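Chain IDs A, B, C, D and E follow the sequence of writing; residue 1 opens each chain.
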Amino acid sequence: MNLLSDPVGVSHYLVVGALLFTTGVVCMVVKRNALGVLMGIELVLNGANVNFVAFGSPVLRGEQASLLGLDGQAMALFVILLAAAEAAVALAITLNFYNNHATVDVDRADDLKG
Amino acid sequence: MAEYLIQTVGLPEWLTWSLMAVLSAVLILNLMAGGALVFIWAERKVSARIQDRLGPTRTGGSFGWLQSLADGIKLLAKEDLMPEGADGMLFRVAPYVSFCASFAAFIGLPFAFDMVGLRLNVGVFYVVAVLGLEVFGVILAGYASASKWSLFGAMREAAQVVSYEVPLGMCIVVPVMLAGTMDLVTIGEKQAGWFTNWYLFHDPFTFVVFWVYVTCAVASVNRAPFDLAEAESELVAGFHTEYSGLRWSFFFMAEYSSMFLVSGLAAVLFLGGWNGPVPLATLAGLSEGTGETTGALVRLLGLANLLGKATLGVLIMMWIRWTLPRLRIDQVMTTCLKYCTPIAAAMFAGAMVWLWVFPGGVLNLDDGSRRPGEIREGWLEGPGGRAPAAATAPASIPAEEAVAEVAG
Amino acid sequence: MMQALVATHTLLAAGSPGINWHGFFFLLFALLACGLALAVVLADNVVRMAFYLVLSLGATAGLFFLAGAEFVGAMQLMIYVGGTLVLLIFGVMLTAQEPFVAIRTSTRDKVLAGVVGGALLAVLLQAALTGPAWSGHTAVDASAGVSQPTATPLGMALVGVRVDGDVASGQPSPVDGQVRSGYLLPFEIVSVHLLVVLVGAAYLARTKRRKSSASVRDEALTGVVR
Amino acid sequence: MSQVIDDDPRIIEFDVRTDEMLVNMGPQHPSTHGVLRLVLRTDGEVVSEIEPHIGYLHRCAEKIGENISARQFIPYTDRMDYLAAMNMNLGWSLAVEKLMRHQVTEKARHLRVLISELSRIASHLVGMGAYGLDLGTFSPFLYAFREREKILDLFEEACGARLTYSYITVGGLTADLPPGWLARCEDFLNQFEPVIREYHTLLTTNAIFVKRTASIGVLSPELAINYGCSGPVLRGSGVDQDMRRDGESIYTAMYDGYAFEVAVMKDGHYPRDHVYPAVPHDAVLGDCWHRFFVRMLEVVQSMDLVRQAIDRYSACKGPLGEPVKVAEKIPVGDVYLETECPKGQMGFYLVGNGTAIPWRVRARSSSFSNLSVLAELCHGCLIADVPAIVGSLDIVMGEIDR
Amino acid sequence: MRGPAFLESLEAAVPGGVVGTNLEAIDPWVEVAPQAIAEVSRWLHDAPETAFDSLQCITAVDWFEPDPKKAAKAGWEPHVELVYHLWSTRARVSLVLKTKLPRWKDGQPGQCPEIPSVVGVWRTADWHEREVFDLSGVQFVGHPDLRRILCPEDWEGYPLRKDYEMPLEYHGIRGR
């Protein structure tokens, strides 16, 4: 199949989702700044969301989408909500970490090392 | 018009559609820019009259009509300064972020029946969400300016706008609940008829909620007495302390257009939108669907109605600004969290109960709206009212296969 | 003239021959989303990272609108972008000082991450491109699809009633004859979860004020007079 | 958790460690009333410490005074409190007259009362308008200036100047009033009286104004006295002191026979000579609201005094009397005299050595002492309160820096 | 309590504090020994019958005649005189304290003469003493933060001294 010549379909969305997901993972790995890691997580969740929406989209899948009904979109909604919640908790942890260590560098969080 | 171009002039279809898109974008943009010019002039005149002055009197005749234009030219000619130590990219991009956010929000706002950039079935939600992005540019500007005053302004704006979105959302939910849809066109259309059909007068709760909305709207667009982000007597000029020239004017335009936007939103949600207090067109037996020319005229009347209401809202904001002192940041937050949010929540519950007790409403003296079937067929239910073809078609893929797909 | 405004909403979905607008906007938003995501990884400054992230998420919201999920798109704009906004603020507050603006990563880590990321991407793309059923476009009437309402069914589903086939009423979906359950339980769980998170986050990052400003003021006054 | 060990009770400690920031407010800032520079140490929006830096407008007025004769010094007093130049002229003239044991004519005495009280109204109008500006409302400022312009018009007719008058001078006044002036002054007062109600509506009783000023910057009477505060700042704290009544005899003699009640809260209420708005519930004696309110009362009080002065002045027959010669010798000795200026007690100290030129000139400025209390008032307040407190002190930098 | 009785109680409270008086002057004054100024101030502030709770002004007068011819006729030795104007808000009376200091400490020009600070008695003395230090060059011992207040921190000389000469240049700005 050829992505460039085909009309936009689920595959296209999956590719975008995969790219977002991968960048998110790389971001989580690469960043030493706790906030950067957090942003990586956001990207990962966002990539997953793209997939959910694509699978549940009636535009992209036509009648096939009705197999999933609203599940795709509802799942995406829940992911968004949980991502927001996760961001809040992660930020609180970062803040606490910053209070204790005066830095947001995650490599310095080695208190549990023997 | 698109059809006219395609059929009569014989333009290729893609060009026509592109032209149409550009045209509507230009219309909205001009509405914003032109509106900002008019409102800046009006602000000067209104403030002058309030303060026992004359205001601009020379540029462009005795009323200073062209004053804002002259100001604009001056701003264009002004040097765009950037402080040393500023984050150059973010500093440059911040005004445009603000401006784009308020521009994009206009896409969802209907100006008259059926006259909307993009009719979304989540229209009101979209408008509020995009409007909330305006704060983003402000925060970027505050951070990127490398000035402490800017940073203070940005932090205040962030705290304020994020907080005020909660009661603002709750206020907006009330008309959405009454209309049963988030589609702004439908919400406006449901208030057709005499002014008693307006959601403002629907029940006592909506009446209160309207004033909470006004408070929150003023706060969320940073107008006095909630203009803490720029608070010139405390923070010099707040987030735009370091801005000058054209970039500054973009912030300015964004401020005025979001003022206009929240006023327009208030008009659609509470004040009947494009429906005048007296249903003139209906009384004359006309409606948007009556015919090409008459329909256009009726729409123009609706447009005038909505613009008038929105302008009135903007003028009231100016009146407030030139009358009241500024609140302190903790008082602004108290107003939001201790007063606006609980009141909005209580009024929401009240309106819900009212709707349950009087499902038909009590003040609907006369339903002077258009007779169904003229044009509203399929419109009142929102853009998805017409059942999509795909939904009616029988399923072609067996369920097992679909599950397998997802799992795979 | 003014119908031009009206015309735009059909424009996106028009799918007129000549230019495939759907494809064009998809390409635009997809490139924006991916490019800005990449920029998040490459940027050093935490505020810029957050800026790119917000734009990336906004572009994704555009993709959602294109896929007909308007409610999710608006939700994405409001919650995700708004939430990240708060993230940005914290980023500014915590790390606006010089030493924290850019914490650099060693090249070794970068290379390693690149390899792992490349491998992951390869696997994911493989999965994305090989699913036969996903690639086929069913050439739906896009204009109808885009404006299909999603907010009401979603809202109904969240409170437990499925308009597309409801388990409570035992009514099968008119489309595929299936009976589906609503999301009342997940919805409630998420609500409680949010509450817990709210309390937890407030506890973790609490601001304790030792002395109220009023008492300090009084003390200062008496101290001077004494 | 960060545990900053602090002995200083003024430090407000948070568990979230936020960094303190030093912020320069001024010398170019909209609400520091001139070239005042305040260095704020802030933790977020909370100000933990504030340090005023002054001297940007220092012109060595005292040194200049040691090189010119006493009457030549009058224009320099104009430039101290340039918003109430008449009162400055009066203070210096009285101090020199005290040393010279010079007695002005009865007519000059009443004219001085008339002019200086009118000047007090003008000064308080600026203070009031600028205070509104500090709190973010622009319109009262212009309403105040509109009325002040009318007073300046009157002054211009009397002495030819609108800001630096040099009208009251050693030994009298430079000129008598032009014909018809008194009638125009009456007209102004009659027109001005109802306008005060507008000010009360826009500011004094405005809910937001009260919220911004009540219980903010509370100055206890002990602290006010200890810091040498004077004028409305002192009276706003409930200290019953007004040099027009309590000062030295050469000054109080000027007000002999005038009926006025000092604008201060006694036994829980302000003078009831006119109808004033009620004190809001959350206002505490000594806060910004009371300082502002005292000024508003003094405007009315000064109007009464002007009316009385008009009557007495027009009853006086005979000449105004000539001021002393420019090169008049000053006797040996030193005197100090404080007069009640709009901003507070302005003191002039003068040492004469028998020549026309004073050996030493000293100007004790009321704003100088009033400003020095700022650091005490701003502990733990918010940034937005700083302009509110500075504005309530109603300072003029020309007078502080001299 | 006026005049002699007041002086007696002051003398009793701070022995050796009062050096001289002039009750006939327009503003009667009491001359105080420089080292006793803080004690005298404390007593004046605290004693209930006097209660000079307010310090209005501190002035330094430089008694110095640069012209040697005039100096011979002056009739006084060069010195710096500090004048404290006190005010009692309760009794509504004023009091003038004077104290004489040498122009320079140990006779070395540039060395400011020293006197105890009265900041502990009246907080307003903080800025007033700073101003006197700034313009007239008197060192107040015990002042918490004795810096220049009106002149820039790096200004040289004490402008209100009679022998003060404006610097030729200040940071590239011509002075004379």
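As a working rule, a residue touches a chain if its C-beta (ideal position, glycine included) is under 8 Å from a C-beta of that chain, and two chains touch if they have at least 3 such contacts.
Just so it is clear, the model here is predicted, and its values are computed rather than measured.
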Chain nearest the overall Cα centroid: B
Centroid-based (C-alpha) most distant chain relative to chain A: E
Chain pair, D-E or A-C, that carries the greater number of C-beta contacts: A-C
Centroid spacing, where centroids are CA-atom means, of chain A and chain C in whole angstrom: 8
Rounded Å distance between chain A and chain D, as computed from the means of their C-alpha atoms: 64
Inter-centroid spacing, chain C versus chain B (mean Cα positions, whole Å): 23
Chain centre separation (chain C, chain E; CA means) in Å: 72
Multi-partner residues of chain C (at least 2 other chains): 71, 75, 86, 93, 127, 131, 133-134, 138, 140, 145, 148, 150, 175-176, 178, 205, 224
Per-residue multi-chain contacts in chain B, two or more chains: 155, 388, 390-391, 394-395, 397, 399
Per-residue overlap in chain A, given as positions that touch at least 2 other chains: 58, 62-64, 66-67, 95, 98
Chain C-touching residues of chain B, taken from the complex the two chains share: 1-2, 12-15, 17-18, 20-21, 23-24, 27-28, 87, 89-90, 93, 107, 111-112, 114-122, 125-126, 128-130, 132-133, 135-136, 139-140, 143-144, 151, 154-155, 158, 162, 165, 181-182, 296, 299-300, 303, 382-386, 388-392, 394-395, 397, 399, 401, 405, 408
Touching residues (chain side chain C, partner chain A) in the complex: 20, 22-23, 26, 30, 33-34, 37-38, 40-41, 46, 49-50, 53, 56-57, 60, 63-64, 66-69, 71-72, 75-76, 79-80, 83-84, 86-87, 90-91, 94-95, 100, 103-105, 109-110, 112-114, 116-117, 120-121, 124-125, 127-129, 131, 133-140, 142, 145-146, 148, 150, 153-154, 157-158, 162, 164-165, 173, 175-176, 178, 180, 183, 186, 190, 193-194, 197-198, 200-205
Residues on chain D engaged by chain E in the complex (per definition of touch): 54-55, 58, 60, 62-63, 66, 98-99, 223, 225-228, 239, 241, 246, 248, 333-336, 338, 345, 347, 349, 351, 359-360, 362, 364, 368-369, 372, 401-402
Residues of chain E touching chain D in the complex: 25-27, 53-57, 59, 61-62, 83, 85, 87, 89, 92, 94, 96, 122-124, 126-128, 131, 135, 148-152, 159-160
Touching residues (chain side chain A, partner chain C) in the complex: 1, 3, 6-27, 29-33, 35-36, 38-40, 42-43, 46, 49-50, 53-54, 56-64, 66-67, 69-74, 76-78, 80-89, 91-96, 98, 103-105
